[in-house]
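These are the structures in question, set out in turn.
You will see two complexes here that share subunit A, one where it goes with subunit B and one where it goes with subunit C.
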Partner chain A sequence: MSWYRSAWFRWIVAVVVIVVLAVLPLVADPFANQIIAKIATFAVAVLGLNVVMGYAGQVSLGQIFFVGLGAYAAAAVILSDWGKALGFGGIVIAFVLAVAVPGVAGLLVGLAAARLRGLAIAMVTIALPLVGVPLAKRFSDLTGGAQGESVRFSKAPAWSGLYDDQWQYYVCVVIAAVVFALVFFLVRGKYGRAFAIVKSNEHVAGAMGVSPYRTKVLAMTVAAMVGGVAGFLFLVVNQYTSPDTMGFGHSIELVISTIVGGAGSIVGSIIGGVYYVLLPLLANQISQATGYNTQNVIEGVVILLALFLLPGGLASLPRVIRRLARRRRGHRVAGGTAAAPTNPNTK
Partner chain B sequence: MRMTSTGRRSMAIAASVGVLALALAGCSRGGSTGGETSTSSAPSPGITDTTLTFGITTPLTGGTAGPGNCTADGAIAYFGAVNDAGGVKFGDGKTRKIEIKTYDDQYVAANALTNFQQMQADGVFAAGLGLGTPTNQAWREAAIDAQFPQVLVMTGDPTFSDQTKSPWQLGLVPTYQMEGEALGKLLTTDGKPHKVAILSQNDDYGKGYVEGFKDGIAGSSNVTVVQELTYEVPAGGAAADVSSQITQLAASGADVLLNAVSITPTVINELKQMVSIGWTPNLLLPSNTNSPGGILLQDGVNAAAFPGIYTTAFSAAAASPTFATLDGGQDFLDDIAKYTKQQGVPAFPHCVWSWIGAQILEQAFEKMTEPTRESFMTALRSISGFTPTLMLEGTSIDTTTDGHPAVNAVVTQKFNGKGYADADSLG
Partner chain C sequence: MTVATFIQLIVEGLGTGAVYAALALAIVLVNQATGIVNFAQGGMAVLSAYIALVLVNLFAPATGTAAALVLAIILAAAISFVLGALVERLIIRRFEGGDPDTAVVATIGLLTLITGICGIVWSYNYLPFPWFFSTGDAFRVGGVTISWWALTSILVIVIVMVLLQLLFRGTKLGLALRAVADNPQSAALSGLRVGGLLMIGWGFAAVLGSIAGAIVAPKLQLAPNMLEEALVYALAAVIIGGLDSPIGAVVAAFGVSVLENLAAVYLATIPGTSIPFIGHDLKIVVPFVLLFLVLVIRPQGLFGRKSVVRV
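The block that comes next holds the complex of A and B.
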């Protein structure tokens, strides 16, 4: 058995990661904390998309709509008079609604769309951001209209003794960790198996007693709720939202991030979040150094490379490397002693 | 004592975690972070005895990249030449070079906020000149919290010049209301009957224009608004399809169109369609979508078909034949060519605006007596009666009036086939 597969090694990695994540914001500079909080936010958004796209195999181009809807739902509560009067309670209600409102929207869309398949579902989901942006501008009393609205609620409370960026970091990372854990258990349990079978063949799923319709509705609802959480986190780190938050372009970027990170992978969702947040920053650095704006070029090259070389996304990189290494070892063995008896213990 | 193998492993894990935690916690956060009040003489971040770093977050890519790049390039050109001549002599007696750092926000609000946070990490002294209302709004309150100057922003949103709401901000360009009002007044002067159709984007920009325009025509007997339509601006500065609105407005029989549209490709499509359906009213164009080179002289746009194209301006147009003879005109063209990647004469007025903004900044730098952000804001708010080069006669800079952006007046102009010339009435 390989050492990196052993249980104790995994425990060590988990503990080290937790400790680093817990201590890092206390020593890192504010910008690093703000960036990591944003990564946590968009990793959650990508995770939601992964539930419906990576695990259940339904292309969704509307994930950003649920992110924006979650942000608006939370903002509406926090900015309302009763929300302000409730203080921390108001923020809790804002969080609950940021999950519930997109959840209901996802359920309704799912009930209508899940009867369709493949491209048809993708088309229905395209409509969401396209309709969402003008709606957000129209209902300016609720949304602040086209110029957006400031929602200053995530300053560090005095008792914490933290800077604002540290507080926002902890809020985002902790909530993101909980959501990741919940989704991890969801996709590994009964529902995860249902997602997988619906993804591979809906007829077989039906024959096994798994309703493709219900499974797809469930996946879309969960994706929308997870997207709503990302919307709440978006508000925590940005303290501002505008119709642009749910723009169609961002939805495509989320899909690209999912593919680059790795569809149907928990780690891939984190990598997707990193990619989504860091790409514009990297492009900025290059443009400052060279004077050329390269974001679209980098994005194009990265997605082509991912599709050709790593169809499983960056998350599949270790697996691909292991496979290549094993193949080389295999060649050497085969070339040396052709009739070597195979060891039944090695797989 | 013998431990089981599992016990030893957990001990080892616990020990290494402890060491790691101690090691990480040992290096405490260095430097000062936002919120700490500095004593009056301690320099703010981003300023040394020899340099000052000024940040610009603006769309450098995407649908508004043309004007966006210009908002940075004017200042880059101006300070490029100033730096090569030695730098700016500040009010505290030191001479500093001005380093401009640009950040691309793609007209996306969340990116603009990230850029602001990166500016703080990069040690930028102050920022501004950037284009866009939502993008500037996205970091307005964060800048106030950090007591960080966000100045001479290129948005007509009056919020930025309201000192109570925006103590660390100042707008550069005239508000939408100011421009709309000037266009309204233009129609009233000739006394002839005018039927006006209004197309406006459904946001603060469009509403501000329409509000100002109606103020301008209030009380006049010769101007009537026959139809008003709005449309939604797509995210990211993309072109909108307003063809159905144009068809409806054409049916109204109006002889004047107030076109409160801020996105360049949308205006180009619109003008093409109007010519193709044979509706060619007088056009009233806002200052940021009136570009001769960027819009009116584009392939397929037959600007000559319209009886008159009017706009407001406070700055000289770089494409005008007399531009090079103006005070500072040739310098502008030379420095833009030398220090930026603009191809030829810049097509958008934002390059000249940015050049004017840079001169206002220079004034403030020369007036600031301490190397602090507070001193900079005080100096910036004390400029009046200043006329930078390339500003039109009848306009000037006054930063001392609360509620007003730095540019305090606009003049109305008519398109003459190549550029714009002053015009007081239609015809």
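The block that comes next holds the complex of A and C.
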């Protein structure tokens, strides 16, 4: 048992992280606060995708559709006359609908797509962004059409004494933390085990009394609901949404972020959120320096490298390093007690 | 709305459907051989169309546009064959036999990479692609206006499919390819070089995509994400027709395309009212709705076989 695995060490890390996250916005500049709020937002989106892709093993290429749908549902409530009249109550209803509407959509898509074994979920969900964008443009009364709509509801309330960016930071980070905790318990419990067995072998799952169909539909629905939360947070940070929010390219970026962060890992979801937000900024710098639009090439190279070299994503890096170190030690004490080669990725 | 318009819509639908059919067939070929759905099939086709454009511009001053086009398309198809085979060997081989979902992500990565490379080399702007005639040119038969583009497109794809059928049914190579697709282990035991045959399979799929790209490029103009929507249609056709049925995928591709063309015009408003309904902007919803219906009623696809698995 190493010291870094002990319970007290984990508690200390948790407390330090919480304190840093709580104090940071008070000292950091507005730009940094915005970036962290965006990371929290997209970490939640990646977390949702991780439920269906990492834990239940079904590739979904439409997660961004649910994020966009959540943002639109919230925006529609907040901008409506009754939503405005209700004040804070309206925002609560907006949040509830931002979760419920994508949830229902995810349920319907899951009910159809999960009927076909194998890759059907990937093949059906890839159409979601491409269907969602023209739909959003068509229903312009609700969505503001192609130019989108601005929703200014996340100003800091007077009693808090905070600046807007600090308030948005706290809202995003707190909601994200709650969602992460909920998903953590979900994937640790009964349903998490159902996801895992469906991921590893659907026939075995069926033989054990776990319906692969229902499990996949459940994973799709949870993923969509979590995506909807991300949509609400997106609205909090950006105070604006448009059809571009749910574009095809963003959908693929989310998939890449999930794999790069680490499929089936809570920490990986956070890393995925960091990657999703920071990579375009970095690519933008490179593009400006070179005069070429390099983002797609960088994304493509990164994901292929990740799949070849680090299939467990960045979250698995410590484990991989430890394994390599152990192997080297094993070589030194030749014939000693070298651990049997363990590969967490074998099926 | 006359009968002439109706026929015209069907022919136009078949013209676009031919492009989807080629992509769908490529996807089915790859899936049968390797159990992988190649989401980069469209991206590879776009790359091939760019290569064809470069070749056309290279040859055109010497040979004139028409001859240059023929040469360029054939050469680009040959280059696609090699690229497809290399992609299988260098990238996909690693993921075969493993988790198909990981392989899907790999092909998504490949799509992103190819799109990015096309974007860097040829920019994200639309580039005009030369053709033998203007894509708007049409002729009239008994009141029906039929565009030459739709007619060529259908003809080319039908010829390609007959050739493929001859290859698969009538040659030793085709027999070997089918053996590998059917059961790689037994094929290997009977002395077939499975790896090489898989590379050839991917090569042929890439050629199919390359032809689809060359046909659609003059109509849509060339851009790195030109075939994004076509890929979705092709995937929908593959699901509707059945993942294991080449004929099913082709029929579904034509059917989807014709139906959406009809829906865009005849269901532009809810019948009997003036409330806007499907129309041209929402016609992509049509394959999606069809796909849902098929998945609910007959999940293995219209032409697919229900798979029975022994645990």
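The definition used in the following text is that the second predicted complex is superposed on the first by the 327 of 347 C-alpha atoms of A that agree within 3 Å, B and C clash if a C-alpha of one lies under 4 Å from a C-alpha of the other, contacts with A are read in each partner's own complex, and residues count from 1 in each chain.
Please note the rule applied: contacts are C-beta pairs under 8 Å (C-beta built on N, C-alpha and C of every residue); 3 or more make two chains touch, one makes a residue touch a chain.
Just so it is clear, the structure is predicted and the values come from calculations on it, not from any experiment.
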Touching partner for A:297 - first (subunit B), second (subunit C), both, neither: second
First (subunit B), second (subunit C), both or neither touched by A:147: first
Which superposed partner A:137 touches (first subunit B, second subunit C, both, neither): both
First, second, both or neither for A:281, with subunit B first and subunit C second: first
Touching partner for A:59 - first (subunit B), second (subunit C), both, neither: second
Touching partner for A:203 - first (subunit B), second (subunit C), both, neither: second
Partner chain in contact with A:122 - subunit B first, subunit C second, else both or neither: second
Partner chain in contact with A:248 - subunit B first, subunit C second, else both or neither: both
Contacts of A:113 with subunit B and subunit C, given as first, second, both or neither: second
Intersection of the subunit A residues that touch subunit B with those that touch subunit C: 134, 137-138, 248, 293, 295-296
Residues of subunit A that touch subunit C when the two form their complex: 53, 57-59, 61, 111-113, 115-120, 122-124, 126-127, 130-131, 134-135, 137-138, 203-204, 207, 248, 252, 255-256, 259, 292-301, 303-304, 307-308, 311, 347
Complex contacts: residues of subunit B adjacent to subunit A: 9, 13, 16-17, 20-21, 24-25, 27-29, 31, 33-35, 60-61, 65, 101-104, 106, 108-111, 113-115, 117-118, 120-121, 133-134, 137-142, 145, 157, 201-205, 232-236, 341
Interfacial residue positions of subunit C with respect to subunit A in the complex: 37, 39, 91, 94-95, 98-102, 104-106, 108-117, 119-120, 124, 224-225, 228-229, 231-232, 235-236, 238-239, 243, 276, 281-282, 284-285, 287-288, 291-292, 295-296, 299-300, 307, 309, 311
Contact footprint of subunit B on subunit A as seen in their complex: 8, 11-12, 15-16, 19-20, 23-24, 26-31, 34-35, 38, 133-134, 137-138, 145-148, 150, 152, 163-165, 234, 238-240, 242-245, 247-250, 280-281, 283-284, 287-288, 291, 293, 295-296
